[in-house]
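You will see subunit A twice below: alongside subunit B first, and alongside subunit C after that.
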Partner chain A sequence: MVNEGGQLYTIEGVAAALLLLITAYFIVNSTSVYTPGDTHISDMQLEVLGADALAVMDTAPDSTVKKSPLRQIVEQEDSVLFNSIFLQTINARAGQRQDDIQYMANVTYVDPVDNTATSMHLANSSRPFTGTEHAVRVSRWVLVEKTFPGCAYTSCSGMHAALVEVLLWRD
Partner chain B sequence: MARLMNDEAQWIVLMGFIVSFSLFFLAVLINQSTIVGQTTAEAVSEFPKNDIRGVRGVLTESTFLDDESTYRNKTTVQNEIVILALSRQNAIITISSTTIGEYTYTEIHYNNGVIGYNEITTFP
Partner chain C sequence: MTEENGVMSIDFLAGFTIFMLSFIWIATMVPGLFIGLNAHGIDYDAVAYRTGVILVEDPGAAGSLGVLRPRGIFSWEFQPDTRDVARFGLAISKDTPNILNDYKTDRFFCATAFAYPEDYRNRAFFTDHPYLFNISLKETDTNMVRSVGDLPPDNYGYIRRDVKLRQPSNATIDHLKIKAFGYTTTENVTFHRFSIVMNTTELLNDKLRNPAYQINPFTDRIIINITGLEQIRDPAFSASPYPNISAVDFYQHPHGQPSLTIPWYPSEDFLYEDGNTTPVRPPVDVHDGVSLIFGPGFFSTVLPNSDIYINLTFGMNGQEQPYLNNTQTLPFAYNYDPVNVTQPQLKDAVLEVAVW
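Moving on to the complex of A and B:
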């Protein structure tokens, strides 16, 4: 070695370079990137919106002891009323333009013949559900006084638990 | 050890190292804080709040049904709730009520494989 006078400067340079590199790595790494796996974050917003809309529909007017609109809709299978209330609630926005959220609603009940969960169609928005949409599911329990299809005996009219399930997607 | 040509600036070099190390640890802290915030928020918002609330609400409502006929009593309705919750919400529910004296104790157990929820309510 001709001259060893610069050794400390070299070590210092290497140490400083390493510090700069690792610091830059940590800073760049600390920003989070929105990947396809993170879409459940926006899905959760849609779920909250749908659950709130169903909760609104399941509230009796003026806090009376009357049946809530949702309960009456399920008992009478009133798809027109469900469509108008639900579509208006989920698509309401502060501005002039309405949002464009589509839905399909089912009622799931227990078939008394073989004690299995069975679904029947309740209502859907103008665009039919094809199965390729990125939909989320929200549900609401209701106790209804109704004879569900599939029940051959008139005696099984009475109080039943039913689950209103709605698939929601943004078109 | 290499011979230093001029050793007057050693304190400045030392301070430089200390400052850069503290910056380095601050960067580590910033890096960790975003991950911590994201995972916490996800854990909170993925909690099946609406499912538990719904099951609890409908079970509470069903306990006030009177025993009138085969399809107009709380046992049938609660069996339907158990079947529907298992097949549509992947949740196992058990419900039982005991009456001791004038009080009725209702036990609700809910488990969907990730979250367990247990409750005992007293009425009146």
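Moving on to the complex of A and C:
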């Protein structure tokens, strides 16, 4: 026998379906989805800048200068010079305001006699690295002529490679 | 007889059908919904990064219909018709990323050569999307900023690149150098000849050089300043009229062959007097100094492995007197000796790309 009970269920079903769809539409349209790719963008920008700064520092200003500023800094362990050149290079902008990127730099070298790698602090910006910063790492191999501390004279003499590593972060 | 169970099934079927049709319709809209989220921001940063890489790490390219200039110069910056530029790129070569060529940079930021935004969009962004952008280059030591494009809005894609900007070589021949090199001849004549030589074999092929430090007379701007000429005049003739440059001649000397004139050069405007910015043409009186500024490509018609001679003839107004003359010594060599020539300098600069 036909009655009107089914109509109510149909109207409820349609109303619920529309309610669900409208809710889903509004949620999806209003939420900002912060994907892992977004964080990667700012990391990538810092990495590019750091790699550029080290590359620029490892370029001699003209052909009469035989050693790049970065090579001189590593050979003389000149943290003051590294600090001034690196900060000026990495924070330079085309506009008036400078950027505010912080850094900590190490030099790693290998003693071929016992094949041990040793890291040596090179320089850091005014705010020291605490470990809680979201930092990115850039590095560059530099050819140097230097006997590093703790390295046997015969094993570290002459030209050899040292790795300059820099941690970069924004406040 | 009609059962009530059947009513329920039909109602359920109708409701479920409406739901499924709506769901499918919404599902087809989902990709469009996500475009309205953060996709544009991510996209713009990526576009800025890509354009930054193209400008800083690539030397650029001329189109297939581009003009092949003599000496194999086929770079985009030498194309007289800007439509023959296929891709911008400011790097000196593929092997020297982050080191920008000064002439490419000049051409890139030349507002009369290229129109914003179309010309740049087709050659640095490669897209049909109507991006707007701002590209700026600041030289760190002079704080000089060159830019193309609009002011960026609040949200835009961004990349910054630290670069070196190559400055061309130049030679300054001052009165100390003139005396040290013995260019003040004691010969009293009415015309004096002073020669400058560029040995292209030595400049380009003497050994494997980093292109960043190479002097290429075919593509570089060549600047020669002769100063302190007042001080080398014989005091006995100080009341006489000023000498004049009566001619500037160019010769090429292919090895093992006689000297030839250079068949064609692009401009007569290369001679400047006493630091003035307006070029002059011989004959012209010489007071204290002259500058010879040859634009990039000036010597592009010279034969390979030739020495280029620039000969200046000074007229002494019919009076026999000493002056600048190296016919008895050697031509002044424009080479890699830092005593003679200030070598190409790499200056710090920063390039920013903002896209929206």
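Rule of thumb we're sticking to: the second predicted complex is superposed on the first by the 126 of 171 C-alpha atoms of A that agree within 3 Å, B and C clash if a C-alpha of one lies under 4 Å from a C-alpha of the other, contacts with A are read in each partner's own complex, and residues count from 1 in each chain.
Keep this in mind: contacts are C-beta pairs under 8 Å (C-beta built on N, C-alpha and C of every residue); 3 or more make two chains touch, one makes a residue touch a chain.
What you are looking at is a predicted structure, and each value in this text was computed from that prediction instead of being measured.
Participant: Could you tell me if A:G13 is touching subunit B, subunit C, both of them or neither one (first, second, both, neither)?
Facilitator: The second partner, subunit C, only.
Participant: Where does A:P61 make contact in the superposed view: on subunit B (first), on subunit C (second), on both, or on neither?
Facilitator: In the superposition, A:P61 contacts subunit C only.
Participant: For A:A53, select first, second, both or neither according to whether it touches subunit B, subunit C, the two together, or no partner.
Facilitator: The second partner, subunit C, only.
Participant: Classify the contacts of A:R93 with the two partner chains as first (subunit B alone), second (subunit C alone), both, or neither.
Facilitator: Touch partner of A:R93: subunit C, not subunit B.
Participant: Kindly classify A:L163 by the partners it touches after superposition: subunit B alone (first), subunit C alone (second), both, or neither?
Facilitator: Only subunit B; A:L163 stays clear of subunit C.
Participant: Looking at A:N29, would you say it contacts subunit B, subunit C, both, or neither? Reply first, second, both or neither.
Facilitator: Both: A:N29 reaches subunit B and subunit C.
Participant: Under the stated touch criterion, which partner chain does A:M44 make contact with: subunit B (first), subunit C (second), both, or neither?
Facilitator: Touch status of A:M44: both partners.
Participant: In the overlay, answer first, second, both or neither for which of subunit B and subunit C A:V80 touches.
Facilitator: neither
Participant: Which residues form the common part of the subunit A surface touched by subunit B and by subunit C?
Facilitator: After superposing on chain A, subunit A residues 5-7, 29, 31-32, 41, 44 contact both subunit B and subunit C.
Participant: Report the residues of subunit A in contact with subunit C in the complex, numbered from low to high.
Facilitator: Listed in rising order, the residues are 1-3, 5-7, 9-10, 13-14, 17-18, 21, 24-25, 28-29, 31-35, 37-38, 41, 44-45, 48-49, 52-53, 55-56, 59-64, 88-90, 92-95, 99.
Participant: Applying the document's contact rule, which stretches of subunit B touch subunit A when the two form their complex?
Facilitator: By the definition above, subunit B touches subunit A via 2-5, 13, 17, 20-21, 23-24, 27-28, 30-31, 33-35, 38, 42, 45-46, 50-51, 54-55, 57-58, 61-62, 65, 69-73, 76-81, 83-84, 87-89.
Participant: Considering only the defined contacts, which subunit A positions touch subunit B in the complex?
Facilitator: Within the complex, subunit A contacts subunit B at residues 4-8, 12, 15-16, 19, 22-23, 26-27, 29-32, 40-41, 44, 47, 51, 108-110, 112, 115-117, 138-143, 155-163, 165.
Participant: Applying the document's contact rule, which stretches of subunit C touch subunit A when the two form their complex?
Facilitator: 1-2, 4, 7-8, 10-12, 14-16, 18-19, 22-23, 26, 30, 33-34, 36-38, 41-42, 45-46, 49, 52, 97-99, 136-138, 140, 145, 147, 158-164, 209-210, 212-213, 336, 338, 343-348, 350-352
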